[in-house]
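Paired with subunit B in one complex and with subunit C in the other, subunit A is shared by the two complexes that follow.
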Partner chain A sequence: MSETLNHKLVLRIPFETNKQSEIACNSLNPDPILKSRELDVEFEIDKNTLVCKFSGTSDRVIRVAISNVIDNIKTIIECMDEFDEKKEVIFT
Partner chain B sequence: MLVPTAEYSSPTGDHSFVPGDGPHTTNGKTTQISDIVVKAGGEDRDQPTEAKDTELGALRAQLTTLQDKLNEFLTQRMQRDKVQGDDIERRLLDEGYDGELSDLKRK
Partner chain C sequence: MTVDLDQYAKPGKSYYLALGLEGSANKIGVGVIKHNLGQLSSTNSAEVLSNVRDTYVTPPGEGFLPRDTARHHRNWVVRIIKDALKVAKVSGSDLDCICFTQGPGMGAPLQSVVIAARTLSQLWDLPLVGVNHCIGHIEMGREITGAQNPVVLYVSGGNTQVIAYSRQRYRIFGETLDIAIGNCLDRFARTLKIPNIPFPGYNIEQMAKKGKHLVPLPYTVKGMDLSMSGILAHIDQLAKQMFSGKKPPVDEETGEPITAEDLCFSLQETLYSMLVEITERAMAHVQSNQVLIVGGVGSNLRLQEMMQLMVQDRKGGSIHATDERFCIDNGIMIAHAGLLSYRTGQTNELWNTVCTQRYRTDEVFVKWRDD
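Our next item is the complex of A and B:
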C-alpha cells in the first residue's frame, strides 16, 4: 500500500513555545483519515515546531488534505493568539 | 520570526516552499469563494479576521501565503497531468495507437 503513496509533503510550523506546538498536535491528531488507502497524515512535534507529514496517491489528494489541515492550523493559531494569555491558568 | 515551510516530493520532482518577503495577509487568494459566486452577488460569510500585530498573527498570515503557494503549485501539476492524460486518451482513440501505454506516457 505504502508504495503507491509516493506524493509527499512535509509542512513545518514553528510556534512560540513547545506547549503551543503540543496543543496544535493534540488538536489535529483526533481527526480520522478518510480514504486511508489514498492518504496518510502524521503529526509530530520537534521541540516548538509542529511537523505534518502527508503521503498520498496523487497531487489532488495531497492538495485537498493540506489545504484542509492548514485551515485547521490557522484556526488553532487564531485561538491561541486570541485567548492564550501566556499564563498557565489557560490551556492547562 | 516564526516562518512556516513546506517540502514536496514525488516521482516527478521535488520543490521547497517558503512564504517569501510578503506582504502577507490572512485573506488568501485560493481560499476565498469563487469569482463566479461573487459576480452572482454572493457574499463570503466565512472571511478570516485580520492578523493581529503579534508573532502568532504574523505566523497565520505567512501560513496563508504558504497555503496559496502550495495550492497554486499542486493545481498546476493537476492541470498538467490532466492535459497529459487527455493527450494519451486522444492518441489512443483518435490515432489508433496500439503500442505500450508506457511508451505514450514517456513521450
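Our next item is the complex of A and C:
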C-alpha cells in the first residue's frame, strides 16, 4: 500500500530545547491519521528538532495534512511560550 | 458504604485543584475547581475558583462549522487557560490534574483543545483526565443544585437524553432518534435569520413570549424516544410560506395571520411537551421525584416552568436547574467531573487521550458513586 504514497515531504521544526521537541512530538503522536490509505504522517525527534514526515497519494492530501499539523504546532508553541518553566508562577 | 475519595491525595495537602478544558462545540471554556478532602456534601461543597468562556458566534442565518470553530478555539485556548489561572490565583504547582473533554462533540474543535491539554500536562508534569461531556453536565448539575439522585434531562445543541443513575452507570432511558433539541431550535433560528447573540435559543424564547397562536405541529414521541427532524421540516415549511407571502398560514380559529413569534411559541410548546412527557415516564419508572435539567437548552425558563408544572403534581417532587454559567458548556464542569474521576485513581496516559465524536453517557464507569 505504501507504494502508492509516492508524494513525500519532510518538515523540520527546531525548538529551544530537546525537551520541547519531545513534548511537541508526544502531543502530536496520539491522534490517528484519518484516511490512512491516502496519507501517512510520522513524527520523530532529532535532538531539538521535530521531524514531520508526510507521505500521501497526491500533493493535495499532503497540503491539507501539513496545514493541520502546522495549526497544531502553533498551539503547542504558544503553550510553551506562555507556560514553560512557569509552573510556580501565579499569573497576574 | 461510600467510595474512598482520598486515596490519591497529595501528602500534607488538604484540598485538590483541577483545571478543566472544554471545547466540544462552539464554546471554549476553562475553569479551576477546588475540592476539600472528604466526601462532597452541602457543608463540604466544591468551590469554583474560575470559569472563563468564549463563544464562537456566527452571523444570523449561519451555523458554526467544525473547521472554523476549531480555528476559533486554537486562537483562544492558551489565552483562556491563562485567564482562568489568573482569576483562580493558583499556580501550576498547586494543581492536581488537567481535565479535558474527550467526547462527544465535534471532532476538530475537540482535537484543537486536547493538543493544548497534552502540551501543558507535559510541561508541568501533571496527569491528564479525559472526561465525557455529558457526565460533566450531570455531575456539575448535581453539585450545584444538591440533587442527590435525580432523573437527568440533558438537553443541548448536540444532545437530548433522559438519564437515570443505576449501579455505577448513568443509563439512558430515552433520547433523540435524529437531531438534538438545541440543534432543532438553532436551525429554526437560522431559517428566521434571527441573531446568534447571545445564543439562538434565547432569542427564540424571547420571541415566543409574544406568540399568541398555537400552530399544530407533529408530536413525535416514540416510546421513550423523540424525533425532531420532522417537526423542523414542517415548521421550516410554514416559515417559508409566511415569508414568501404565497399561501401565508393563518390561525385556524381566528383566521389571523401566523407570525414568526407564533411559530417560535408553537415550536417551544410542542418540543418541551414531548420532553416533559418522557421525563415524567422515566421518573415513574425509576421511582424518583427529582428532576435535574442540564445542558444549554436547560437555561430556557419556559422549559423549566413546564417541567415544574409536571413535577409539582407528583408527590414530593422537586426540579433542579442551574443558570447559564453552569448550564451552557463550560470548563468548570469538566474540571469537576474530571477531579471526581482523578480522586478514584482514573487518569489517561498520552496515547489514551484521543478524542472521539461519539462517546455515550453509559460507557462511563461511575467509580465515585456506589449507591
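Just a few scattered comments:
The definition used in the following text is that the second predicted complex is superposed on the first by the 85 of 92 C-alpha atoms of A that agree within 3 Å, B and C clash if a C-alpha of one lies under 4 Å from a C-alpha of the other, contacts with A are read in each partner's own complex, and residues count from 1 in each chain.
The working rule: a residue touches a chain if its C-beta (ideal position, glycine included) is under 8 Å from a C-beta of that chain, and two chains touch if they have at least 3 such contacts.
It should be emphasised that the depicted structure is a prediction, and the values quoted were computed from it without experimental measurement.
Shared-chain residue A:Ser27: touches subunit C; no touch with subunit B. In the superposition on chain A, A:Met80 contacts both subunit B and subunit C.
In the overlay built on the shared chain, the residue A:Lys35 is in contact with neither subunit B nor subunit C. Once the two complexes are overlaid on the shared chain, A:Asn72 sits against subunit C while remaining clear of subunit B. With both structures placed on the common chain, the touch criterion links A:Phe15 to subunit B but leaves subunit C unconnected. When the two complexes are superposed on chain A, the residues of subunit A that touch both subunit B and subunit C are 71, 74, 78, 80, 82. Residues of subunit B that touch subunit A in their complex: 2-11, 26, 30-31, 48-49, 52, 54-57, 59-60, 63-64, 66-67, 70-71, 74-75, 77-78, 81.
Across the complex, subunit A meets subunit B through its residues 6-16, 58-60, 62-63, 66-67, 70-71, 73-74, 77-78, 80-82.
Subunit A meets subunit C in the complex at residues 23-24, 26-32, 71-72, 74-76, 78-80, 82-84, 86-92. Taken together, the subunit C residues at the contact with subunit A in this complex read 70-71, 74, 77-78, 81-82, 85-86, 89-93, 111-112, 115-116, 118-120, 122-125, 350-354.
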